[in-house]
Structure formats: structure tokens, C-alpha cells
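As C-alpha cells, the structure follows; a few thoughts come after it.
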């Protein structure tokens, strides 16, 4: 899945942007609940030490560790859920999220509130397959995702779809074409937003809440 | 002011982005209340006919006509208030807006609500000078803006500043350096967000609310 | 439709109230999206010059130009959506709105938020016929409206109906009788609210946000 | 105070409106907390039996018993806080409430939420004199109210004042003139709104929540 | 029903807690609307005079008179709806309420808002039987409650059930076992919360809003 | 600090409650930002394996890892911020939080939103001393806390204080007596709430969001 995200990211990145896709080797293989996220976050934060990095993207739709990550760097940091929802809000008055397991809906719900997307997010839907199913050839996952997107468009009063899992990153363009509405993948959205922020010379604010952690 | 915005936009635009800065000749010279916006909007919309345009930016901090503009084109459309607030929310847990006249605060307040920024926007402040003061050489405007930004940082618990008028676009970088926090100008923010969205091939959703206006 | 509104307004007006129903000749014939509203608003505002007028009603359920209208006069100004929703909130703990095209629901949604009616408005429903259908003899519109009202009463947990289009003004009383619940038309509601406000000698506040537009 | 309210009501009522101002003899002499309201409500409801009444106004700014009152009659019922806040929201983008004791602010706060006025109500201020002080000749109350209104206009960003006690009903017009902004008394506001609703033939919905209480 | 509540309360109370279950003799036999509550509240408050009482529980799911009760005592006072909802929020990310008559749903809705439970409460459901049906042997009520709980678990995305009537207090444990999720009765929840608060020596704040009622 | 919490907890615990106060040895010595929390959470979760435990309390005012903790056990789990805020909401219509560093206010803000306490929490105040200052004999911390509590009572319109750090647990009773209002420490509040929930036989719901983490 990390490779897939790297490929998607590189496909949309500007020519002079170098994408480094990495996965902490000892973190859980997929993040499907608060516990998985909690265990993964310190590993994720440990990957962030390199001062040559211009910006970071957290490649999991739960945006795990986003606030902590912003504390330990001056580089801008984006979550892929955050990026996808904000872009969706520019293109339609409402979007629905299509994710994997129902139990992750509560994580997306909290993000919707944190990002002020309560009125833009019309529904959060799950196909109820685990994340790693998305990596299996000939899995029914892709069909279930398409069907859930179609239902969303018919029932939720939405004009765009947000794909609620990094593992769906490679489907966005195909689904956009098939469904005739913007289908937004957070990985590619985050790449372009981050490139923009870096180009503007903007950095994570170190005044106040995102100041470097106090020394112990 | 249109020239200034064009210059700012071009300064941050990618090499292969062409910026066309235009101002409807018969619209009000500055937009400082709902009435000014109402009168300007049809002129603004009338500028939008060209099918060669990849995306539009509405260059006034009230984001006038944004919803209507999205109805009449498939190209993505961004408002500069929208762009600035969203970018600010990526860099700090809270931002304050510094604008011109107090009476425009209500317009910004409504945008804050529309964009779900109630919890991110800590305060809206005004220097109480009219918009066109910003164009006058040796005006006290620049000093007042700096002072208001400083007060915001001391009193509002914010970590970033959003400049609440297109006429302040040229001050962002200088103030960022002086104040040591992200100071965000909506014009440049919108240019980079829009470039990103265009690069992703995303368009305004024509399903539902932003469908082309019904024929009469 | 302007005539119909005039008739409805006069039917409920007090004997010493003179109703002037007017329609800017060059505005769109019906307002069914943000674009239609944007184009109509300057025409609407241009009708408002006469200092002998005691109060204004904006006769379209989107309340287009309401804020701008309040800036250019000291007379009180009411929108018909605003009037209808407020009156409905006095008579039932929840109401549903029945409107014409689905695409106008987003406009009503924004008004619901602006007027603080999120908890009172239980649903917004559309019959999916264009506004001008309401003017056609033997149109199925009236039946569709009645059916949608009945569904609202059965499914939405509401105790009152707000008719979501000025073109439905003449149906309120008949539907009220048939359905046994308050069915509220904004035109007549606005007439009575406005008469009351005028009788109290209250005017649009000129302190702050609704002050006359700055001179250019 | 009941006489004062009757006088104010009659002064604004239409010629063919008969105002009956009554006060349950065994209720508390003033309502200044939840307990006072709780004790008064059954007395208030007991006054409401007469089927000849076209509509009811609850003449206390806490709108005590409003929901219960709407259950036991088909006539429309208005609270004076409700009436004042809704009218204020038509005339300014924000209002402040000036009331008597600080401890009653929590009651007003809850009403603000119930009526969806969170964004319209900018502040709730108290002069910290008991209600009955308003009835004493040469009391400092009137001066304190004026001062508090002036502070509200200077500090709260509001364009209108809502008087937060029925005992202030006679001050509205005078203060309006002195302060140059709408100062709204709930008694007179409720009279005009109620006359309008009655004229429209609208009644409290008996479908659902306001149905007559179940027989025991 | 009072006896039942006393039995349930004693079954969960600590050995050294004395439960006094009392019912004002002249209050309505069941509280099923705002009017019933309004009439019952003064009777309820009149029961509260004894200074030997360590804490009070209001044994009706509408928490009638809770604010007034807190004004007339320094002892802590809990409502059973309040207790049940707060406990539910500790055990699941969402709960549904199952109550008796549909018309009482509006009362529960207001409590949900007052207690900040909008995001925790997923749905409010009614079996549409009157309260006193719960006291009848062989009534279908128990089956209807179980069915509604099951529907809630299937359709509402909730992980816990709150029983929305004091008359259901004896069903909580049985339903918990049958359904495999926490089913929370407010009477027993309130007993344990109140014992805890009393043990901590905490009392109702007499600073500000809950100060004793002003003397008349 | 762990010892202090253990002492406070044991002082309020019922005689047959055994308190085990533990601190993961390799976690940060104090949690003062998102990063500290993120690093501590896996250590905290690793402490939770023992199936003999009846319930867990997370002894840090940020309630770190609360959602994850609820996933890995059937025992009830409480955070001390959660416990303190809920108890405060039973005793006063509003409370203020007094915490250590200003930068932790954003963490408390998010908890306030998560727990639905936006209307109950009047202010969050910081004394701007690091957490470990609370452990130093003769530190000015205690005086600063008292002063901040007094300011809260004078300026915030609150009737109770929530102590915003586990290190303040031993001050609650003393401050309550001095200030004459409920001053609530989350450690002792959580002990009593948890004892109550355990006594009721209630457990964390395993239906849905808090189900055990998926096996990898």
C-alpha cells in the first residue's frame, strides 16, 4: 500500500518535487481502529526527523498523529483526510465519504467535526471490507466501492465523493470518469496542497499550540 | 488594486500558469458592504465566459458570487477568503482575520460559518480604514495592520493571521517575516490551491447544486 | 406570479395598508439557483428607491439580496423565507419546507442556518418541478405539493409546513384546511410581520452592519 | 407591572384588538429564577381556559411555561422574549439583551439556544437590580439600563437592544430615540406578531408535540 | 411506578445508603408532555424541604424541575435522563434512547441539547404506548421495547441503549443480557452517580445561577 | 505525581475498592503537548493487560488514548478530564478549567467539544507553569492556581472550577473550602464514577466502535 501511495503521489507531483513514501517497519500493517492508530503514531513520528524535508503527508485517512506531527517540525504537515475534505468542499456543496470498515466511521466523524466539515459531509459510508482487501487482486472491493459511491450520489444529496482510505488512492481518477463527479483521493490532494503551501514559503506556526514540545 | 493582485498572483504562480487579472470596468471601485457586493456580482459573473480558462479566483475577501460562479462553469472556482482560511487551518490551531472596515466583519463572519471555520477563527479584527486607503502611498494603513496583527497574536490565542482584504495581498510575506508566524494572503493562497486542483483534473461538480442554471 | 403575490398580500393586509407588488422587468422570470438570484438582486435593489415606502418584502423564497436591501434603506425589510420560518417556529416544534426544484434546497439550507432554524427545520423537500409550472393551469404541481406535505407530516416529525416558493402563496390556506396543520406561506406571513414592525415604529438599525453603503 | 404591560400592549394594539392583562393572584410577585418560574407556571396555565381568547402572550422574559401553554390551546401563544428576539433579528445582524439580575442570564441563554439566536445574540447584560426596582419611582434602574445599553452598543458589536424584562416595557420607545437604534420590548413586539398570526388564521399545531395533553 | 423505582434504586444502592422513594400525591399520575411536567414540578419541589437529605434524584425521564430543584438546596440533584445519558457516553461512542410516547421525544431532544449529547445521541425512538402501560401485567410494552432496542442497534449505529422512561427501570439488566450491549436505566445510574458525588463532599454550587431564590 | 494520584484516589475510594496507581516507566515524565501524549499512549495501553481489573482511569487531564483503551478491554475506562467535566456539569450551569501551560489549552478545548461541554465550559485558563512545578515544595504554583480560580469566578460567570491537571488532585478539597464553590479534581471524580459503573455491572460496549481491534 505504501508503494501504491508513492506511485499515486509521484503521478500528480510537479516535476521538481521528490516524493519519499515510507512506512515505519514495526507499525501495524493497517490502521483500522483507534488502537491501531495509537500504536502506529510514535513510529510515524519517529520517521519525521530529517530536516531536509519540505513537508509531510500522513498517509492514512484517520490523519493519525497530525497534531503531534505539527509540533515536532516547522515544515507544513497535511493529513490525507484533511486534504481530501477541504478540496471536496471547493467543488461541491456536499460530499460523502466512502470508507472500508464501519468501525472506522467514528474516526472519520471526529475528523469531520475537527475540520468544520459537518455541513459539507453528507454521509460516511462503509463497504465493510478490511483495508488489506484493497490490495488483493480480483477482490470485490472495487465493485463495492463503486456501488457505494453510486448510492451516495443517489441518496445523500452530495455532489462529490471522498475516498476514505489511502488504499483507494489509485481508484479516484477511474471513478471520477465513470461517475461523472469529482472523486477525491486524499493522497493526491495532499500532494498538491502541500506543494502549494511549500511554494508560498508557509510553515507550521511555532507560536502557541504547535510550538516544539517542552524539553523534559 | 487589480494590478497589485495580478503581480502577487504572478509572483507565486508556477512558470506555466498564465494569470489574467481583470476587473469589471463598471463594478464599484471597492467592495465594502453587502450592497457593493450585490452590485458587483453580475459584472463579475459576466467576466467568466471564456471556455479556455482552467480555473477562476474571486479576488475580494467577501468571496462575492462564489456559489453563482460555480454554477456557470465546470472549471474550479475559489474565493480568496476561502483559500486563506483553509490554508491557515493547516498551519495553526487558530487564526485571526485582520480586515479593513468593521462593517465588513459581518461578511467575514458569515464566511467563517459557511466554511466551517468557527473553531479555527479566533477573532475578526478591523483597522477601520476604507479599502482604498491601502492603495495610498504613506497611508497609516500598513502600520495599523501590523499593530492589529500583533494584538491578535497577544490576545486571541491564535497562531496565524489571515489578511482580510485583497488590497493587503502584497503585505503577507513582509508581515510573516516580521511577526514570525504565518500571515496568509488569500490571493496567493488561492493561486496555489487552484493550480493544484487543476493539475489533479478536478472540476466543479455538475451533479446537483452546482449544475448549470436552468434555461428560462 | 407577481400578480398572484400581490393578490395574496392584499387579501391579508390591514385595510390601511397599501401593497405595491412589483417585479423588475429585466430580471430573470424565475429564480431557481444562485446565478438567477445574483442576476436579479441589483434589479431588485434598484426598485427600492422610494422614500415613501414604509417597509419592503422580498418576494422570493431564497430571500435574495436581503442583507444588501437592509443597507440601503431605514425601512424594515423582510424576506418571505425568513417570515415563514419564524412564524412556523411559533406554532410547532418542527416544520418541513416543501419547495420546487431539488437544486434550490441548498439555498433554503443556508437560510435555515442563517436564521438559526437548524433545530426547527426537520426537512427540506422538493417536488422537482420548475417554479413556472406553478403558474400553469392543470399542472400536476398542486397535487405533488399536497403529497409532499403529507409525506412530510408522516415521516419528518414536523407539525407545520412552510411553502418554499412564492408561487405557492395561494395554496397555503387550502392546504392548511386539508392537512389540519399550519401551512405557512411567506408572502402573507411577511405582510403581517412587516405591518407589525412598522406599527411599532421600528426601523432597520443604521448602527454598524446595516449602515448606508460607504460613498465611493 | 401587569398594569404597565397592559398599558404598553394597548398602546400598540390595533383598534379592534382587546387586550386582557392578567396576573395569577397567588403566583410569585416577580420571576427571577427557575424556582420562581416553576411555581408560577401552573398558575399561569390555569388562567388560560377561556375559549374566546384568540391568542396568548406570556408576559415574562423567561417565557415560562411556553411549551406547556401551547399544548393546552389551539390559539397561538407567544413569549415576550421569543417575540423580542425574533423582531430584533429582522432589524440588525446582532442584538444584545439587557436584563435585571445576573442570575437570570442563564434563563435568557437557554432561550437564545432554543430559539436559534446564538449567532444573533451578541451578549446578555444585567444591571443587577431586582425586577421590582423597575416599579419604584426615582429608582436608579432606568439610568443603569441606559448605561448598559450604551456599553452594549460600544462593546458588543450589536445594532439593536432587546430589553430583558417585562418591567422595562415602557422604556423601549424612549431608549430607541435616545440611542438611535431599535430598542425592542417583548410585550409590544408580541402584541403585533400575535395580531398578525391571528389575522392569518394560523393556530398552534395540534399534530404531534403540541397535541392536547393525554387524558389521565 | 414509585415503588418500582424504589426497588430498583435499593437494589443498586450501597449498604449504607438509604433510599426514600416518594411521589407527590396530588401530582399527575404520569408525565407525558410539557403540561404534565409543568403541573407536577411545584409538587416535586415541595417534597424537597428536608435538610437531612444528602442528595436528590428526579425520577422522570424529562428531568422536570431540575434547574429549579438545584436552586432550593445545597445537596446535589440529578435527573435520571441526565444520569443515563452521561453514563452511556462513557461506554459507547453513540447511544439511542427508547421511550414511550412519540410526543415525549421533543422533551428528550431538548435534554440532549442541554446536556451536550447531540453527537452521542444517535436517535430517539418511541414504542407509542402510554407510560402506565408499563405497569400492566402482560402488556405488549416489554416486547415492543426489546424490538425497538434491536432496531436501534441495527439501524442507528449506536453501541448502547438508554431507556427513556422511569417505568422501564426494571428492564435494564435483562435487556443488557439479551442484547449484549449496555442498556442503561437512569434510576440506577443516578443512584450510583449521586452516591459518588455525595461521597466526594461536592454540593450544588450556590455561586451564581443556582443561588437560593431571591426572597420576595 | 503517580503516588499523589494514588493517595488521592485511595482517600475517596470505597473500602472494598483496591486502587492500583501505575506509571509506565518509559513514558515521558509529564504530558504537556500532543507529542508527549502520542509517545505515552502505547505505554499506557500496554499497562492494561490484566483481566482482573474491574475498570481503568487514565490519569492525565488530556485523557490520552481514551478511545483506544476502550477498544482493548470490556472493563469501563474513564478519563479524568471527562469525569471532572461531567461532574461539574451536575453542580453548576457553568465551569471554568484551570490548567498548567497555555499550550495545553487546545487539548482541553478539543475534549470540551468531544464531551459536548461547549456550553458548560465557560473558559479555560492557564497558570503558565510546567506540570512538574506542581511537585516542587514551595512552588508559586498553588498560589497561582488559587488566583486563577478567583479570577474565573469573578470574570467567567462560572459556578464551579475544574482542575485541569492530575498534579492538582490534592488541592481540590482545600480550594473548595477556600473559594466556597465546587472545585473538582478528575482523579477523585473518576474513582467514584467508575465505582458506580462497575457496581451497576456496566461494561464498555463491544458492539461497533469499541469492538476489540481487528486481528492483523
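Which chain is which? They are A, B, C, D, E and F, in the order written, and residues in each are numbered from 1.
The criterion applied here is as follows: a contact is a pair of C-beta atoms (placed from the backbone, for glycine too) under 8 Å apart; a residue touches a chain by one contact, two chains touch by 3 or more.
By chain, UniProt protein names: A, B, C, D, E, F = Hydantoin racemase.
Since this is a predicted model, take the numbers as computed values, not measurements.
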item: Relative to subunit C, chain with the most remote C-alpha centre; value: F
item: Pair joined by the larger number of C-beta contacts - B-F, A-F; value: A-F
item: Chain centre separation (subunit C, subunit F; CA means) in Å; value: 50
item: Whole-Å gap separating subunit B and subunit D, where each centre is the average of the chain's CA atoms; value: 42
item: For subunit B paired with subunit C, centre-to-centre distance based on mean C-alpha positions, whole Å; value: 31
item: Junction residues of subunit C - those touching two or more other chains; value: 67, 93-94, 102, 105-106, 113, 119, 157, 208-209
item: Chain contact topology (line, ring, star, complete or other); value: other
item: Interchain contacts (touch definition) - all pairs; value: A-B, A-C, A-E, A-F, B-C, B-D, B-F, C-D, C-E, D-E, D-F, E-F
item: Contact set on subunit A toward subunit B in their complex; value: 12, 14, 67, 76, 78, 82, 86-87, 89-94, 115-120, 153, 157-160, 173, 176, 180-182, 184, 188-189, 192-193, 195-197, 199-210
item: Residue ranges of subunit A in contact with subunit F within the complex; value: 28-30, 32-39, 41-42, 45, 65, 67-68, 70-72, 101-103, 105-106, 110, 113-114, 130, 208-209, 211, 213-214, 216
item: Contact footprint of subunit C on subunit A as seen in their complex; value: 93-94, 119, 157
item: For the subunit C and subunit A complex, residues of the former touching the latter; value: 102, 105-106, 109, 113
